[in-house]
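Two complexes come next, and they have one chain in common, chain A, joined by chain B in the first and chain C in the second.
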Partner chain A sequence: MSNQKKFIVSHAPFWHDGSSITERSYNTMIAALPAVLFGIFQYGLPAVAVVSFSVSCAIFWELAMNFVTKRSLTIGDGNAALIGLLFAMLVPATLPWWAVLTGTFVAVIIGKQIFGGIGSNAFNPVVLAIAILMVSWKDLFDFDEALLNYDLEFTMLYPIAALKHFGTASIESFTAGDLLLGKQTGGIGATFGLGLIIGGIYLIIRGFIRWEICLTFLFAVFATALVFNLYDNVRFAGPVFHILTGYTLIGAFFLATEDSSSPVNFIPMLIFGVGAGVLTVLIRNIGAHVDGVIYAILVMNLLNPVLDKIRPKAIGKVG
Partner chain B sequence: MTSKKELQIAYSLAIILFIVGVLSYAFAAFSAKAPELPIRLMFKGVAGKVLFDHKIHTEDAGYAISCGECHHHPGEDEAAIRACGDCHNFLEKTEALPPACAECHEVDEIEDSEVIKRVDAFHSQCIGCHKENEAGPEKCSSCHVM
Partner chain C sequence: MIKRSFFGFAKPCLKYESIAETLPELEKISTPRKVTLLLTTSLGEKAEALPIKEGDKVKTGQKLTSDDDDGTYVISSVTGTVSSVSSYLGDFGTSYAAISIDVAQNEEIDEEFEKCSKKPTLDILKDYMVCAPGSPPVELFYNLEKPIKTIIICGYDNDLLVTTNQYIIKSYIDLLKAGIVILKETTGVDDIVVVTPHSLKQDYGQIEAEVKTIDTTYPSASPHMIMQKVTGRALPAGNSFEDLGICFMTAEAVASIGRAFGNGQIPVRKTLTVIDKDEGIKLVSARIGTSLKHILYELGITLNEKDRIILGGPITGSSLYSDDHPIMPDTCAIMIQDSGKIPPISDYPCINCGECIRICPARIPINMLVRFLEAGQYEEAADNYDLYSCIECGLCSLVCVSKIPIFQYIKLAKYELGRMSVAEEVDE
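The block that comes next holds the complex of A and B.
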């Protein structure tokens, strides 16, 4: 007993350390900016349209819900704006306005507000919205079709779709360096690997996201992809390819780490990250969908309450 | 609870980005025009989509295939070239001869059966050329997304 750490708790009033949801939301948006700006640079005005409209619609939906439910205004915490930005990062630059309007409605209203607002949502609102849109309008997320009229000095194929449909021979032209520098098609803010990694590191250092989730997620994607690749390197791509394509990096740093839908304890966070990573590669390699990140995170969101039952042993005893 | 200042930032963000978003959508729609020559084309059919890279087939740095090798009408006049579907898809929709045919032919000059379906035209064109040149995919799953 004498070696145990003692927790000393003083009585109120307590001093607030100044951190807030607002600070967290806007810092996450700042962390996402390199990837978003890169997407705007690549795709031009249509990307500006999607990003701007998405952020504003998400704020308006939250405001509308605040009025309908007669609750205090919550748009000031920046979470709705963040949802709008993350949604825009995952979609093609040519997404029509009505899909942005619908997607942000699903994210803010169905994904967050009907659960009771921030902190109560069972699923990541953005991931839920993308999943519903993918199921409802599959062609909108066919990046090859959406970006037909773009000619950007690199292989204009959505890498993981090419891998899925035509095997590893079709992705030989993609090098790890090119993928890291965003020389690939995809979502507006999901292709610039280096920008996403820098943003992710910033968020980890500032303590806005948990390294346990993102690093175990990336590790699990790498390890699972490596096992598949060692088993059959003609059918299955290598681990680096899986890390740098699709929604892997944005999923690791910006989606899987969402507070309300991810665990808070150490062991559950590791299980959550590993589970999402393994599922991502399983869906990609042997599942029906091109990318697995969205559905993998949704499944792990579903398991989140069960995972958080694994708790540290309580200090002290009753009676 | 959010402070007044935070609310003002959110309102400003929403209004400014809404205006920028609507104007960008409107301007992009207004100024959007298909490239003079197609870059890539997505053909859709029951057997799955096919992404056709038009640019790499036509460019000198690519396969340098001249227009007339695929677009068989009208002669050497590249400016008057029509999209494949103008003729080859028309019969499936209307069961009448496509107006494009009448630009060069008399109506009674053409039998319905001469205008083959677009899917047959593509299959014969693509696979034929790939076989002839021993280059490019020939299997279904190498082009179709299945």
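The block that comes next holds the complex of A and C.
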């Protein structure tokens, strides 16, 4: 028996379809690239600095946590880098370095690692980090103030903040075409609507995100905004404006669809998307905050475990 | 290997192999110099207590009994001298006695079966046919509490690339028909259904059974799916097919019965599919007990260090640590996987992507189930997360992004729960 060959003994199935977490992360980052590159093109070097520092910080925090908790290194799966990239896409190009450091700390450590790492986070790490930063340093997310020194070839007003404070009269200068092509101020990667839509469609086709969540989210934003607009078109902007401004598009395609904090069954996904969409417009139109996407997604994240209990009956299940 | 499509939003579609158009040639594997027979026995660990001893002479077709309470036996597939009897522990704690026989040059056929093969009865089936190729589950007909009302004969193998039973139908349809007649006479069951792919339906002609066609997409040939197709209802979770009076048999098992009573000899050659490293398919016929090493040698397939040998197909088979393992009456296929083609596994947690939910034919909440199984909370998993609805198709593991061995967890959980309930019964 000494010259016996050794074989690999393991469990069935002996095939695998080859999908991996790394593939998912990198493809999501590729899908985000058009919007990020547009942001860099628009805001120049400061945007490059924020994006690269954010990605490196997120990877660093994940690595640090791997060492502290003595677990195997998980930075190779690309999830930390993705968190860093998405975080950078949501913030203004002039965000100070310490805010990036803190934000990515909140996202990776508090948002993900202390829950047990990838797959265990109850909230979308990026959304949680933005929410905490927004509450703690309100001024950081005042885009009009943050981007004061920029003078690009369009109205330098953060559209939904203008709407909130001055009503629909102030947003007449924004046309849907301009908004879609990114002629608006906002987060580094959150303003280029066309790029985000292309990225989102790519992810849907590749099966990395679910159309059920993003499309119902956008539909609900549209429908709710339309109802408000029909009710009072002086105070409330139209549905297209709501879809193309703020974090709506990046929220629909990149934030609400995060695996761990969103449902997996069909009907729960629809409810999740609709809930987040309705809440977004409610917060924007009658709430205290300028943009509702962040809090809407957080609330729906909270409801996710309950929602996912609505599921089809397994075959042969008795009772 | 089936890879994820670029358009990942669509559900992957796994098709069974079909041999309807090109019937492959059956390669006959020569009789090896030594065969090993595995005898299921509760005496497994005390192999020396068996009545069969080293040095005993055996004839082809001779019954080697274990003499334990269950009355288990194997049929010798060769003529020769017993060279060793040892114990062998299989998957999930099954204990066997491994009986090695050195093959003699001249073959002699044991005549015991021929004497009683003139008039088939259920007792003869039970006494001689249980270890025939395909393993007819004759003992099910002896359970008076759960009488069998329907026999479903599977003319389709429940794993990808495996075509053994399709071959049987294509080549030995007359033996199958003869087997069905004998089954009807001996068991008294009138309701016999043959399930088959659509492409083979015209091969049946006149047959004393109902022929039903099934879909060619995996896992429609799994017993659960067949039952749903044939009877229109699903197997209630936690029940067995016998509970509902249904007995599954492979086409090969029925053909074996037909052959045995046709020529008065218990068949000892097993038909099986060999899947080589490039996923090419060969159909071979070999004596039961032939080692895999011998079969692979004759087919010219070389095994290297760190390759994988699989008994069964790519999705539901089980891997082996030695190529000395013999083929058994219920071995439908052998698969060899090159070390370079073995997909990696990982210890990542579930990321809740939902791929398994979308592919599961039993609609089980696998994303939740796997969390409980990983933590060893099997009872919770069975009570709240439909563990017993699983039809064991293995698709969840195939598509798992985190490469979690979900299928293995499920089988382990069922096994552990089974042990626990046995232990509780013993306590009472």
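What we mean here is this: the second predicted complex is superposed on the first by the 304 of 319 C-alpha atoms of A that agree within 3 Å, B and C clash if a C-alpha of one lies under 4 Å from a C-alpha of the other, contacts with A are read in each partner's own complex, and residues count from 1 in each chain.
The working rule: a residue touches a chain if its C-beta (ideal position, glycine included) is under 8 Å from a C-beta of that chain, and two chains touch if they have at least 3 such contacts.
Since the model is a prediction, treat every value here as computed from it, not as a measurement.
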Once the shared chain is lined up, is A:Ile109 touching chain B (first), chain C (second), both, or neither of them?
neither
May I ask you to decide whether A:Ala12 touches chain B, chain C, both, or neither, giving the answer as first, second, both or neither?
second
Let me test your reading of the model: by the given contact rule, A:Phe166 touches which partner, first (chain B), second (chain C), both or neither?
first
Between chain B and chain C, whom does A:Leu101 touch in the aligned arrangement: first, second, both, or neither?
neither
Let me test your reading of the model: by the given contact rule, A:Ile201 touches which partner, first (chain B), second (chain C), both or neither?
neither
Going by the contact rule set out at the top, does A:Asp151 touch chain B (first), chain C (second), both, or neither?
first
In the superposed arrangement, what residues of chain A touch both chain B and chain C?
72, 77
Considering the complex alone, what residue numbers of chain B touch chain A?
1-3, 6-7, 9-11, 13-18, 20-22, 24-25, 27-28, 34-35, 39-42, 49, 51, 55, 141-142, 145-146
Report the residues of chain A in contact with chain C in the complex, numbered from low to high.
4-21, 24, 72, 77, 116-120, 204-208, 210-211, 259-260, 262-265, 308, 311-318
Seen from chain A, its contact residues with chain B in the complex are 22, 45-46, 48-57, 59-60, 63, 72-78, 80-81, 97, 142, 144-145, 148-151, 156-157, 161, 165-166
Interface residues, chain C side, partner chain A - complex:
1-4, 6-10, 12, 224, 228, 234-239, 303-310, 312, 314-323, 335, 337, 339, 342-343, 345, 347-355, 357, 361-365, 367-368, 386, 388-389, 391, 394, 397-403, 405, 407-408, 411
